[in-house]
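Here you go, one structure.
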Amino acid sequence: MPIVQIDLLEGRTLDQKRLLVEKVTQAITESTGAPPESISIIIRDMLKENYAKAGKLASDK
Amino acid sequence: MPIVQIDLLEGRTLDQKRLLVEKVTQAITESTGAPPESISIIIRDMLKENYAKAGKLASDK
Amino acid sequence: MPIVQIDLLEGRTLDQKRLLVEKVTQAITESTGAPPESISIIIRDMLKENYAKAGKLASDK
Amino acid sequence: MPIVQIDLLEGRTLDQKRLLVEKVTQAITESTGAPPESISIIIRDMLKENYAKAGKLASDK
Amino acid sequence: MPIVQIDLLEGRTLDQKRLLVEKVTQAITESTGAPPESISIIIRDMLKENYAKAGKLASDK
Amino acid sequence: MPIVQIDLLEGRTLDQKRLLVEKVTQAITESTGAPPESISIIIRDMLKENYAKAGKLASDK
């Protein structure tokens, strides 16, 4: 049942994404007891121009 | 006022999306009484490499 | 696989929520072909003071 | 700490996005006291075929 | 059309929320040209135990 | 920069949440290289009546 949404800057490789979902699923199972098959993860790649911190776009830093 | 976000794997046709928003809007109106013009729907198409279940990417299944 | 998030003003009854998830699941299956067991729905009840349109809180209308 | 997600129809220029994140960050700081460096903003550009109101896709209007 | 979701730590007063939605709506209109009546804002109050940075819950800081 | 939103059924203890954010942060750092202090996690506790799978509320199962 846990549904996870991860927004991160674009550029991660397929292998990094494989490792990401494997490790995050394991982390959730170990800490909450939720079985792996109940865990859904959505990854959202963001353009640098679509993320801002302290009022500045990441593409302008 | 109901705001709906639907994340689903990419690949649906324009006609499927037309039917999706028409039917989901109708479903919400019929069940909650919210008028159709108050219902907003956001569809997010996902790459298979950006969705995982049980620690595995959909693109690896 | 479709993951649906529905934000709506608090106050719906349990029966309305039953009907909502039943009808929305059916709407998604009929329009996209996604099997019902693959569809997850999250309902988020909102206080009127936590929703605004045109710069005004719903609780002030 | 405030995390802001803004979904809007695609087509805004980079300058509009610069102004958007600058002004929204300022608005949040002035109204809640949250320091600018604690405010994250995610912008999501939407295709017109991925947004619907009253059961109709924006691309069909 | 812009849909805004703002997650922030609980504890803001009703007046702060009034000012928040008024100023954020104005900021979006001024920067993107979207008319105020097209802008929806969802505020989500978070318990300190439900927000973490650098692996630590805000309630433990 | 990675922003994580985790929706899960209510009932987890504070200690489980501590372990959850610690392990998920570590998992993201190890797989993507993002430094821990750049990772924000939002946990959203859900009532069973607000989550559905295959058209059925979790509270009805």
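Note that the chains take the letters A, B, C, D, E and F in the order they are written out, and that residue 1 is the start of every chain.
By definition in this document, contacts are C-beta pairs under 8 Å (C-beta built on N, C-alpha and C of every residue); 3 or more make two chains touch, one makes a residue touch a chain.
In this text, all values refer to a predicted model and were calculated from it rather than measured experimentally.
Student: When contacts are scored as defined above, which chain pair ends up with more C-beta pairs, C-E or D-E?
Tutor: Result of the comparison of C-E and D-E: D-E.
Student: Would you mind pulling out the distance in Å between where the CA atoms of subunit D average out and where those of subunit F do?
Tutor: Centre-to-centre distance between subunit D and subunit F: 24 Å.
Student: Averaging only over C-alpha atoms, locate the centres of subunit B and subunit C and give their separation in whole Å.
Tutor: A distance of 11 Å separates the two centres.
Student: With chain centres defined as C-alpha means, what is the inter-centre distance between subunit B and subunit F in Å?
Tutor: Each chain's C-alpha centroid was found; their separation is 21 Å.
Student: Would you give the residues of subunit E that are in contact with at least 2 other chains, written as numbers and ranges?
Tutor: 1, 3, 7, 22, 26, 40, 42, 44, 51, 53
Student: According to the definition of touch, which chains form touching pairs?
Tutor: Going through each pair of chains, those in contact are A-B, A-C, A-D, A-F, B-C, B-D, B-E, C-E, C-F, D-E, D-F, E-F.
Student: Help me check something: in the complex, which residues belonging to subunit D touch subunit F?
Tutor: Subunit D residues touching subunit F: 1, 3, 40, 42.
Student: Provide the residue numbers of subunit F that touch subunit C in the complex, in ascending order.
Tutor: These residues of subunit F touch subunit C: 7, 44, 46, 49-57, 59-60.
Student: Name, in rising order, each residue of subunit C that touches subunit F in their complex.
Tutor: 14, 17-18, 21-22, 25-26, 36-37, 39-45
Student: For a test of understanding, state which residues of subunit D touch subunit E in their complex under the given definition.
Tutor: Spelled out, the residues of subunit D in touch with subunit E are 1-9, 12, 16, 19-20, 22-24, 26-28, 30-34, 51, 53, 58.
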